[in-house]
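First chain A sits with chain B, and in the next complex the same chain sits with chain C.
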Partner chain A sequence: MTSVSPRPSSVWHVVEHHAVQTRRTLQTVLLSGFLSPVFTMLALGWGIGSQVDDVSSLGTPDYLHFVGPGVMIGTATLQGGFSSLWQALAALRWEGMYKNVVRSPATFTDAMTGRLVWMGILNALSSVAFLTVLLIAIGWSGFGALLTPFIAGLTAMSAAAGVLAFTSRKESGDGFSVVARLVLTPLFVFSGTFSSIDTLPSAIATVIKFFPTYHGIEVARDLINERAELVPSLLHVAVILAWIAVGWALSFGGFRKALTS
Partner chain B sequence: MITNTFAVRAIVERNIIFFRRDWVILVAGFFEPIFWLIGISAGLSTIIDDIEFGGELVEYTAFVAPGLIAVSAMNGAAFDATFNFYFKLKQLKIFDSIITTPVTITNVVIGEAVWSVLRSTAYATSFLILTVLFGLVASPWAILIIPVSALIGFSISAIGIFATTFVRNWHDFDYFSLALQVLFIGSATFYPITVYPSWVQVVVQFTPLYHGVALCRSLALGTAGLADVGHLLVLVGFTAFFGWRANRRLEKSLLA
Partner chain C sequence: MDLAVTAHELTKRFDDFVAVNGIDLEIRSGETFALLGPNGAGKTSTMRMVSTVSPPTSGALTILGMDAATHGREIRGRLGVIPQEDQLDADLTVYENLTTYARYFGQSWSEAKQNATELLEFAQLTDRADTRVETMSGGMRRRLTIARALVNTPDLVLLDEPTTGLDPQARQLLWDRLYELKERGVTQLLTTHYMDEAEQLADRLVIMDGGEIVASGTPSSLIAESTTAEVLELRLADDQTLSHDLPFRTEVLRNRVLIYADDGAAALRHIRDLGVEPNSSLIRRSTLEDVFLARTGRQLVD
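Up next, the complex of A and B:
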């Protein structure tokens, strides 16, 4: 039995594999990870923004300052979560990519860790592009904004890890579209993305606080609006990290069963 | 040939039998616009004043809800007319087999469109009932949203099948997802079209969902007028033109 704790060098090889593979389908990243969210942010930011009378209740200078970070982190959630559905199942079972990985010095934990790390890097990178557009639209708001791609990367990882715990136990794609539509879409829409979470029905507001997206949006919004405080921000990040850890741990059994038996 | 209703019905039935196993997917698709209605308007209605539409002031939630009915009609048709159509056309190649029977390509196109429209209408009608229950509908004319949603479904289905005939591989569907998102957000769904600069307003007139949103909105709010006849004609035009072109292109490729 090989060691179960991931080895950095092996994890990095898996990351590199995914990077090479993604380069071949760069168009997907460009369209769904950049153009689509940028359009959504600008259309809603300016369109809805023009209808908002009472900006003061948002706590931001205008609606774009509010919705921009929301769409950024919401998109990271969708992208990360989606990557752990059909794509992950294909790598784990259909195409057998990870079966090849475990025939090398790398282990099944390296495979799943590398996959999650890559999703974090990829979404941090596409968030840099998104952030650039946002900052052009709202103007430079201080160095704190430069930290938001890290938050986006971590949030994408947490969503990827959470969904991977589910997918790693599945033999087929049954139920994937239900996860996409009934879990990922609500996370995008209900995490205080478009208005303060207090304005949502209280049942939704209570449940959503257990999920990483809400916490990612809070930190990113504070950073972009130059009002982030250290301790609350670290607590939000801690929730996201906890999701990554729990998702990782729960994916463990599924990966081991699929790749070592 | 077109009037071969038995052949068309066979194509529709095939889809019904297929989705009977996957009914959860159908049900899940219904919820998406509801999430957006709650997520966007529940919070924003507290900070957005009433919006002027058709000369009347409308509460924000009542303004957004009919637009989302149109969106649900679009979403209902879009997946079957594009992704699933391609799967049947290129992966399963079932149309190649079907046209060796008395069923023609035109029957296939109409049958697939009718199926996707059934899905559209089912989503839109359930959503309509919900908006009535929430008290967001101001006019009995709203009942006409049901046939309008079928028309939205037909136009999206015709455009979708037409566009799918150009698809080379699965990655091309990334463009479709982007187009759907742009239509969803950009068709004056969440704000009045007057928000746009005038050249954008002109561009939007050339897209299908905007006309569906405008129709559903004026029917729900009881402000329907002559302009809506125009919206109706545009949707009929989209359906006829792209349906005709899609049929032509499939005849060329499948009978070649």
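Up next, the complex of A and C:
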């Protein structure tokens, strides 16, 4: 049988295709991927942060150092997850983008891999802009901070992959708003974005640790605050990578059925 | 004889439904070959297997000398596929639709741009290069779809119902473009349920029904083998009937009667001699529709 393993050159062509499409909606992408989280971070970090007297339990010099990385990774989760709902369904079924892709030398695995890689790149780029504002606000915090857009990109990919596993089996948008409200938004809010998960009931904190957003925030926060250690950081990244791998594998059947039956 | 496509016992099943039931095909390089049949005949399923998008359930399929089961990427790199629905990138311009798609075939951006310029000329869309697709008419979208399918200068072009939904002018323009491709030596595999389209474009064809091939040959040979040179179409009053012992093959349809005779005028005289004066009569030459009716007992387009 023909190999269905992704081919790097074909994956890259899918990435390019998404990039050309995104040029048309750049303003919206910038607004949701950069300006919105920047405003959120500054409002919370400076606004609410000024009301926080004691940040010693947070382990950061001030609240902005705490909430900045949280908002960066939380936003990547939202962006990645949302992109795998209506947009992904349109590309897979309604608008036929991926049906065209599989009529070329590319395969359905190139299409799904390219989509996830593009989400990683887009969110990493948005995070570079976000990081620039954050570093202006908190000051230079070391070279480790420069790795945080990479973490944001991976987290976005993991959220995109997880949701794509759901969307790839759908023929309509039924249930999408439930995923958005009951999965993505809570992940953004409760993954340690605005406060330590230690403040949550232990059962909820345990569940939160299962998801990639928490791990992305932990790594990004450690990097921004110059306290990252190699092994724990790698373990956090491993969880994120596992989500990407599992999400990819679970999307495989849905993409294959939609594009090659 | 150089063959572009050979299929043996090609079968496609979807659970219990058999869409294509063990068909054999041989398509010669450079010819235009049509799959003719009603909706649900198995044409599109066959096309999707030949485009190596949908794997056969069983059977052997060789395309451009390569096994479809093992060389999908290589085969698709030499195919141009024009699907039933245009599926263009509505948010992109005409030009971007071509260049973006060309990249999938390994072309550099400069190659893609050069090809796009030539293809826009071929499709008579040069003045629309910067137009966004969502603002274009159906005919222009169809021409762009055809242009996009040619970005890789394919050896084999697959056209699935290429003119469905087009007005007569747009249809004729497309036929002209397809004839140009044929002149360039490009092999074309076409599905259609329009008999005139098949007669106009195809060198050879098969008629499919219920997932099987019920007839094959050139349009003229199929007509000569399966039916008479002319057909007399009659519309009768409600209280009129025709004798069952007419010396012609007769098909009674919902609102007309078809009488197959090599000399339609003589057949009409014979009917009138029997004392039957139809409300209207028409003598025409036999078409592939008549072949389909003769082979299956049903009309091609219901």
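Annotations for the structure displayed:
One rule holds for everything that comes next: the second predicted complex is superposed on the first by the 260 of 261 C-alpha atoms of A that agree within 3 Å, B and C clash if a C-alpha of one lies under 4 Å from a C-alpha of the other, contacts with A are read in each partner's own complex, and residues count from 1 in each chain.
The criterion applied here is as follows: a residue touches a chain if its C-beta (ideal position, glycine included) is under 8 Å from a C-beta of that chain, and two chains touch if they have at least 3 such contacts.
Just so we're clear, the structure is a prediction, and the values are computed from it rather than from any experiment.
Once the two complexes are overlaid on the shared chain, A:Gln27 sits against chain B while remaining clear of chain C. In the superposition on chain A, A:Val101 makes contact with chain C only, not with chain B. In the superposition on chain A, A:Ala90 contacts neither chain B nor chain C. Of the two partner chains placed by superposition, A:Ala245 touches none, neither chain B nor chain C. The wider contact with chain A, measured as residues touched, comes from B rather than the other of chain B and chain C.
In the superposed model, A:Ser10 makes contact with chain C only, not with chain B.
Within chain A, the residues touching chain B in one complex and chain C in the other are 25. Residues of chain A touching chain B in their complex: 25, 27-28, 31-32, 35-36, 39-40, 43-44, 46-48, 50-55, 57-58, 175, 177-178, 181-182, 185-186, 189-190, 193-196, 199-201, 204.
Of all residues in chain C, only 14, 51-55, 69-74, 76-77, 79, 81, 83, 85, 87, 89-92, 96, 100-101, 103-106, 152 touch chain A in the complex they form. Here chain A touches chain C in the complex through residues 1-2, 7, 9-10, 13, 16-17, 20-21, 24-25, 95-97, 99-107, 259-261, going by the rule given at the top.
Chain B makes touch with chain A in their complex at residues 24-25, 28-29, 31-32, 35-36, 38-40, 42-44, 46-49, 51, 60, 171, 174-175, 177-178, 181-182, 185-186, 190-192, 195-196.
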